[in-house]
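All remarks here apply to the structure that follows.
Chain naming follows the written order as A, B, C and D, and within any one chain the residues start at number 1.
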Amino acid sequence: MTYQSHYFTEVRNAQANAYAPYSNFKVGAYLRTKDGKTYYGANVENAAYPMSICAERSSLVAAIADGYRPGDFESITVTVDADEPSSPCGSCRQVMKELCDDDMPVYMTNHHGDMIASTVNELLPLGFSGKDLN
Amino acid sequence: MTYQSHYFTEVRNAQANAYAPYSNFKVGAYLRTKDGKTYYGANVENAAYPMSICAERSSLVAAIADGYRPGDFESITVTVDADEPSSPCGSCRQVMKELCDDDMPVYMTNHHGDMIASTVNELLPLGFSGKDLN
Amino acid sequence: MTYQSHYFTEVRNAQANAYAPYSNFKVGAYLRTKDGKTYYGANVENAAYPMSICAERSSLVAAIADGYRPGDFESITVTVDADEPSSPCGSCRQVMKELCDDDMPVYMTNHHGDMIASTVNELLPLGFSGKDLN
Amino acid sequence: MTYQSHYFTEVRNAQANAYAPYSNFKVGAYLRTKDGKTYYGANVENAAYPMSICAERSSLVAAIADGYRPGDFESITVTVDADEPSSPCGSCRQVMKELCDDDMPVYMTNHHGDMIASTVNELLPLGFSGKDLN
């Protein structure tokens, strides 16, 4: 449950696959499951901007489609090319809330190697969840 | 910048217009501008769930389409029929981050008249914004 | 049910309210209800691109939040600044499918005054709807 | 470029991984690349409905995050448990428009083994694309 230096290499590899012709803002995500499997995520933009999908969700959805279930995830690392590590957008935080443990680490990095660590719960305090629907 | 009791009546009126045939979870939003105008919001669901839109965004988008600009908003009040006041989802927090002041009050209520007060910044700490894109 | 020349003026007024700092691609929508009320829509972008909302949905959601119900709409007109009139994105077509009659006219225009007329059904053939969920 | 019977088995396997606790409507997608690789997709729902992601996009985003680029795809097959094969929602059609050839086959199936064949272009006529942004 601690940030490992090789996560940085992995997430940079993931970022290389971003498809971001509209923003030119490439984002990568590196998702690890509790049983040691890894998924890459990258943002996939669309000319109709609202149909773009972020890197974090890209990795989580790939893992679910591969058979993993909510609670199976150990950590997610995100990277961008910016002076400060960017945080996940609100939609990605909501998807983490649905699929990840509240205390799952979220590691935000950038191309300088800076890193900020947080958790799902810290990033989405008072988070909306399935319990609210009942 | 303080919660007024009539906000509760207004947001319940907004909620009555929700179109929620799939979740049966009706949400209302009541947005006030700094110059005293008000906008109702309600969730508008879709058989293709991802194309649903939440009440909070509904009110904010109506105000922008009517000519208001980021920073013009005084407060937003949300209501649901649930034992606890529900908080905005991550996407709505992100839209608030774009369009509202960081310290704008967000009032979460329910049909019992309970109320929790927060702010945009508290609900989306380390929020992603246009500054991150540069 | 026929395109009126003043729709063009109205939709250009709506477009003026677009908030599109990321794409600089302003879109306007002009929605008419069967009982003669009108709603303006404009695209409202977000630094997190997927949380952007299009002009067409902006107008439809405002009308629903104001109390109109599916089937209450007479026509929608869209405009852009482009050599050819742009068509609605897939998400907006899906929202029209949910909220509008299948044969409701969709008028696509541009700043030159060009106009293409279509319908919801023509723009989303074999459209997914609530019937598919049962 | 023709529907193969084993696609049906593959897409049913993909569907089994759907996470659909809110709609109970499980959707599977089976994406093939031109160089013979395959990706599974499944819908991944969220308590906040708009943050749900469909099966078709799930498979396409996984492929892009894995390094494939627009135009690299041979076909997509979708399945649902319904009397009629369901078609992709508007958002998924828009993502196909961005990432797939206009004439790429889209095979819609159901649990009875019924199949309807279409193409990206037929499902999103007059489709909005990056060309419209210029």
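Definition applied: a contact is a pair of C-beta atoms (placed from the backbone, for glycine too) under 8 Å apart; a residue touches a chain by one contact, two chains touch by 3 or more.
In UniProt terms the chains read A, B, C, D = Cytidine deaminase.
Just so it is clear, the model here is predicted, and its values are computed rather than measured.
Asks: Between A-C and A-B, name the chain pair that shares the greater number of C-beta pairs in contact.
Replies: The comparison resolves to A-B.
Asks: Need the CA-centroid distance for the pair chain A / chain C, whole Å please.
Replies: For chain A versus chain C, the centre distance works out to 32 Å.
Asks: So, what's the distance in Å between the C-alpha centres of chain B and chain A?
Replies: Inter-chain centre distance comes to 25 Å.
Asks: Out of chain A, which residues touch more than one other chain, so two or more?
Replies: In chain A, 22-23, 45, 48, 51, 53, 89-91, 94-95, 128, 132-133 touch at least two other chains.
Asks: Based on the touch definition given at the start, go ahead and assign the chain network to line, ring, star, complete or other.
Replies: Topology of the interface graph: complete, with all chain pairs in contact.
Asks: Can you list the chain C residues touching chain D in their complex?
Replies: Residues of chain C touching chain D: 23, 25, 80, 82, 84, 86-95, 97, 108, 116, 118, 122-128, 132-134.
Asks: Name, in rising order, each residue of chain A that touches chain D in their complex.
Replies: 14, 17, 19, 21-22, 39-42, 44-48, 51, 53, 55, 57-62, 64-67, 69-70, 91, 94-95, 98-99, 128-130, 132-133
Asks: Within the complex, which stretch of chain B touches chain D?
Replies: 22-23, 45, 48-54, 89-91
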